[in-house]
Every structure is written in C-alpha cells, then in structure tokens.
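Next up: the structures, one after another.
The same chain A turns up in both complexes below, where it pairs with chain B and then with chain C.
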Partner chain A sequence: MSECVNFHFDIDGDNFTSAGEASVRIKKHLRDMGFSPETIRRVSVAMYEGEINMVIHADGGSADVNVYVDRIEIILADSGPGISNIELAMQEGYSTAPDNIRSLGFGAGMGLPNMKRYTDSMKIESEVGKGTTIYMTVNV
Partner chain B sequence: MTVKQLADSLSLKVICMPDGDREVTGGYAGDLLSWVMGRANSGDAWITIMSNVNIVAVATLADPSCIVLSEGVGIDAEVLEKAKSVGVNILGSDEDTFALCARIAAVL
Partner chain C sequence: MYVYKHSVTLDIAKCKGCTNCIKRCPTEAIRVRDGHAIIKEDMCIDCGECIRVCPYQAKKATFDKLEDFADYKFKIALPAPALYGQFDELDDVDYILTALLECGFDAVFEVSRAAELVTEYTRRYMKRADVPKPVISSACPAIVRLIALRFPYLADNLLPLVPPIEYAAMLARKEVLETHKELKDEDICVLFVSPCPAKISYVKNPLGVKKSAVTGALAISDLYFKIRAKRKEIKDPQQLSKTGIIGLNWAGTGGEATSLLSDRYLAADGIENCIHVLDEIENGTISNLEFVELNACNGGCVGGTLNVENPYIAKARLRSLRKYLPISRNHPTEEAELPDAIFLDDFDKILLNTGASALSEDRLTAIAKMSAVENIYKTLPHLDCGSCGAPNCHALAEDIIKGEADEADCLIKLRDTVGKHGQ
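Let's turn to the complex of A and B:
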C-alpha cells in the first residue's frame, strides 16, 4: 500500500542555463504517470523554486521526489551556507540575491512563499555553515 | 483565441511558435520570475522584458500559452533553440509593456 517511486537528481551549482531541468523532468514523469495538471503544476512550481534556490544560494545540492499513490514528497538537500533566520526568509519580498542574479529576474523573495503556498506541508531544517534540507508534500 | 490568431490579429513578431494552436485563456505581465511562477495561470499570455534562458524553464512549468516579449527585446540563439525544443511559443513586439498589454487585453 505504501508503494513508492523515487526520482533522484543532482543539482549543479554553477550551471544557470540548465537550472530548473530537474523540475522539468519531474513534470514529464508525473504527466506520464497520469497525475492531474493541478497536482503536476503544484509539484513542479514548488520544486523549481527549491531547485533554483539551491543553485543561487547554496552552490547546488540534491533533489529527491518520492511518488506515492496519495501524495508526492519533495526533499531538497544542500550543503550551502544555511538560513540563519527561517522566519525572515519565509517572508514575501525578503531576498539576499546579489545584483547579477537579480538582473536575470530572480530575487523577488517569493520563492519560499511560493513553495509554502503550492504544497500541503513544508518543513525547513537548516544549520548555518552546514546546509539546508527542505521537505515538502503535495497530497494527491 | 489561439496563439497563432493572437499573433496574426495584433501583428506580433513570431520568434518561435512550435505550438500555435494552443488556446490563450488570459494574460499576465511581469519580469520577476517567482511572481510569474506563483501568479500566472496556465494558458495565460505572459508579457515580459526578460529574455534570458530561465524564461523557458519558467514557461515550461508555469505553463503560459506563450511568452510575449515587449519593448523590442530579442533573444539569443541558445534561448531560441531551447524554446523550440521544449515547445514554448515566443512572440514579440516593439511596443512598451503597457501598450502591448492593453492591445492583448482588448482582443482576448
């Protein structure tokens, strides 16, 4: 009953051109597996924001997507600088993105709020100097 | 109306149109990618001045019917190839974003 399909991706930290590719691939997998457009959109938007954050703020990391019959779990783990004040980081508009990244259209400080809004549960574990792991679940 | 009909009726530049029969169901204007990810609806025409490669991933995931570049913004060959390969429609116009949005809104 707890049958699970796992997809694992290593997210490259210095490749801005391919950033988002893991999320695009997950979107395709979920479509092939027959999930609704709404579920697919929620998972892929939340995952994209997390994936991009790992590229911009943490020099890459890994993404695991566990697909169950009744829910989809997304686990994003990095060994970046960590988030010192999670409550602040979760606020709409808060961003530490540098100017060169902002000029690409990132840095609105809306990524983490989007992840929260598009998922049914979200938990951030972070230690400064060690890294960040984000767990998200979308119920099907 | 479809993306092709939108392009025809407003004489927009067709930068690439791999899926011209896609229905345009609304519009969203914005250049900050996380706003677009969070707020644009599937099927919207997305009006923006952002032209770097990340717009293709955003379009793939947020699922607008097309990207419409305003202000005469062009795109690199690399971005064009990527958009074609994943089936993202990109139109363009020399108008500023406000004028372009007004014209698109009038025909939708």
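Let's turn to the complex of A and C:
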C-alpha cells in the first residue's frame, strides 16, 4: 500500500485566464481523501498564489502535490528569472508585477506572504536567470 | 443515517443512455450503466441541469398534486413570485391570487411577503459585529447543498436565517389560525407553488427547521393552465396582494442582494458561474464583499425548470408588474431585533449530512486508493468523451477503484486492444 499520492500539474504560462485551475483540481482530490475544509483551503490558497506567481513572473512551470497521512507537500518549480532578493520579495506589499497584471487586481505583493501564512513551512530556492523552486508543507 | 429525498428522478423507460446529462451535471452525480442513466443520490443537489439538457424528457422533477391534499380542511397556497412572470398582459398580481382561490385553495400567502421581512432581518443580521463576511444567501437550496458538498469551508458564511418559503408558511399558518378560530394547526395544509425541483427537495427535506410549516410542493407548470383558465373568468379580483417591489424582485437574480441597500454585493446565476464565484471566494481573491447572492438557475428563480415561460420574458413582465408598487409592504412587528423564529436550527447538521464523496473514512486507505486512481487515470486516454458512462476519465478511474466500473468500459482502450489483436 502506497502511503503517498502525487499529483503533477503543468502550469501553462501562455494562458493567464486558466491560472488557478490546478488549485481547483487539487481541492477536489483532497476532498475525495476526506481532508478537513480548513486543510483544503490552506493548500488551495497556497497553490493558487503559487500558480498565479508562476504565470505572472516565470512563464509558467510545474506544481507537484504530495499527499501523506500527516502532511501535504507542495513543490512549485519554474525556470523563470529567479528572485534576486528573497527577503524583500517576502515583504507584504512588495511586487514586481507589470501594470497590465495589476489592472486585473493582481500584483498587490501578497502572493509569497500568503503562501507563508497558509502553510506550516516554506522554503524558497532561487537563482537569478535560472529559476525558482518553492517547497511548502501543510501539516494535517 | 438521514436519507435525503430527491425530487429529480429518472424515468428509465424514456432514458436512451445518451451521455448528455453526465457531462452537464455540476457535481458529477450521474453515470450511464447498462444502457441508462443512474443518479448518485448522495451527490445530487437537485439543481435540475439534467432536466434541462435531457433530449428525451427522461429526467424529471416529482411534485405533489393538489388532489393529494383533499383531506385537509383548509388549504393555503404559497405562490413563488416567479409565478406572476408566467402570464402575459397581467397588470395586477391579484388576478393570479384570486385565480388560485378559484383553483381550490382557501387562502393565499405570497412568498414575496416573507421575502420582504427576510430582507429586513438580513440587513439587521449583517450589522452584527461577529458575522463572517461575505454573507452568502441560503435562499437557493441547490446552492446550499452545493456548498455543503464542495465548499464546506464556506458553510459558516451561509445566511443562517429561514428562507422566505419557510417563513411564509409560518406566517400563513399564524394568520389563518387567528382569523379561523375553529381550525387547528393540523387541519391546515400549506402548499408551495414551486418554480424548481430544488425547492421541492427543500420541502421534502426540511433541514434546519425542526418541523417545516410547509406541507407539500406543487409545480408552477402543473398549475399553469388551470390558473390561466380561471384568470380569464375573473372580472373583479379580490384585493389580496401585499407585496412591494422588493418582494417581487426576489424572483430574479440580484433581487435579494440589491434590496440590502449596499453596493458591496455580488449576484450570480447559472450553476457553473456560481461554482466559479465560490472557488474565488474560497481563494480569498474577491475582497470587500458584504453579501453574495447565488442562483443555480440562469436568471434566478424565474429560470427554474418548473416554469413555463422563458426567464428573461418572465423578468420583463415582473418589471412592468412592480410599477407603482411601494418599495416594501412588509415590515417586522416583532419586538426583538432578530426573533428566534427567524434563525435556522441545527444548520450545522445540514452541512454535516454530506461528505459521502470521500474514498474512505480512513485517511491512509483513502490516500492508497487515490494513488491507485491516479495510476489508472494515467493509462486512460484523457479525452473525457463520456462513452464509458462516466463524465470524464478521472471519474472513471475513481469508479474503477470504488468497484463500480471496469477498465474495459473505456471504449477507446478497448478499440486499441482489439486493434492490436487484429494485427
């Protein structure tokens, strides 16, 4: 019996209007496994913010969700421009989103802070010019 | 365990086993097995989408008939405001209310009257400091059940007040008992004239109230021709209507929300739009909202599948009917800011009554099963064609693991297998 199930999503960078769909799908899967509404919301919000970030800044990427009995891991990986100053990026209200994205209501500088707030641990690995990988865990 | 009584049912004799309904069902509650559709009762929210899409009229709503209640001494009709939009060249609601009396009812009580009171109580409830925002309307039973099944996190945001239909029945009984001293409560039956199957289900499953004051639910479409014929004979209608603009507006999308007199509202209709809005609210992406009104049917209650008229035509008629009416004609007389009777009991229980979709109650087993589902899903064609009888490939994979379907049900896989053997 496997004690972990993996869900892999390719996040399409060309299609801004479909951003957020992986978050909707993971919600259904977690519901089918009987996780609590609170846990499902934390995972789906963290996923959602991550997806939006990858589409805005990195031309898409991939999301992997590993579900264990006691925790849910979310790994978001992209080959985008990287984050030059992670400390600055983690500050609420700091954003490098372009104007056209802001006009849609995004770019409030709450993406990364929200991902941290809704998860129990978060680690960012980023190299300028190479890409970014974010590891998050939500304990059950 | 409580068994939910559905109003959406299937006539097997008429079902051809086409896959129109399985693709349209918002909760993936329908499968085609052995040549005909089956409805998974624990998943169905009685929204009526399958009734709309079925080309063979095999999906239908079950409802009560007025004749079923002949034993009651006193019959009260509760017309939904959508009813008034069904008739052309109507300039006065009283013609319809008088026609209802001619059809065999002893009294009428408009649901729109109670709606005006619920509106006032909702305004008061929203002013409370500890209310989780946005408040989500609980007037559409299909939406309440959808939230219970798919958005349990938002359950606390649901408006915990009795819906107008229930409040109308409570007030109607009270009014009749006061004016007819010879009657006892059990002599009276209160019959809702419904625009949709979801509200019929509400009457059959009075969750959130200890004992519903509504006795049965009739269909607008079933009474329509009778009312129409009676209306033509009426020269001088009785003055019965006590509804204002706000009450009539509840029949269409935005009616409930705009009556709260705040512009920080969202009003959506159509089940797919509602699901999208709920996903966004759950993600916290819509800020600054005070109130959310969601209607499973396009256009709101006028779009329910038990109406006879197109929802937009009905809405236009209601617009002309409300001309020269006062804004609201019903105002609370209770001393309490929010009387106890206006609150739903055991609202949490309505919502706990679901969750049947989980693969297993044991988390480890559920994860193992989901892992098996994913492995099967990878081998399926991902065309979501529906020819296996499940709405999409992922649903088929889940059904296989639940033991309800077989990999051989996938016609695309079967074709490839046959092709290989043939070479």
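Please note the rule applied: the second predicted complex is superposed on the first by the 138 of 140 C-alpha atoms of A that agree within 3 Å, B and C clash if a C-alpha of one lies under 4 Å from a C-alpha of the other, contacts with A are read in each partner's own complex, and residues count from 1 in each chain.
Just so it is clear, contacts are C-beta pairs under 8 Å (C-beta built on N, C-alpha and C of every residue); 3 or more make two chains touch, one makes a residue touch a chain.
The structure displayed is predicted, hence computed values, not measured ones.
After superposition onto chain A, partners chain B and chain C are found to clash with each other. When the two complexes are overlaid on their common chain A, residue A:37 makes contact with chain B and with chain C alike. By the touch criterion defined above, A:45 reaches both chain B and chain C. By the touch criterion defined above, A:117 reaches chain B but does not reach chain C. After overlaying the two complexes on the shared chain, residue contacts for A:19 are found with chain B alone; chain C is out of touch. In the three-chain superposition model, chain A touches both chain B and chain C at residues 20, 23-24, 27, 37, 41, 44-45, 48, 105, 114. Interface residues of chain B facing chain A in the complex, by the touch rule stated above, are 31-35, 37-38, 42, 50, 52-55, 57-58, 60-63, 78, 86. Interface residues of chain C, counted against chain A in their complex, comprise 150, 152-153, 155, 279, 282-285, 355, 357-361, 363-364, 366-368, 370-372, 374, 398.
On chain A, the positions that touch chain C within their shared complex are 1-7, 20, 23-24, 27-29, 31-35, 37-38, 40-41, 44-45, 48, 67-69, 105, 114, 140. Listing the residues of chain A that touch chain B in their complex gives 16-17, 19-21, 23-24, 27, 37, 41, 44-45, 48-49, 104-111, 113-114, 117-118.
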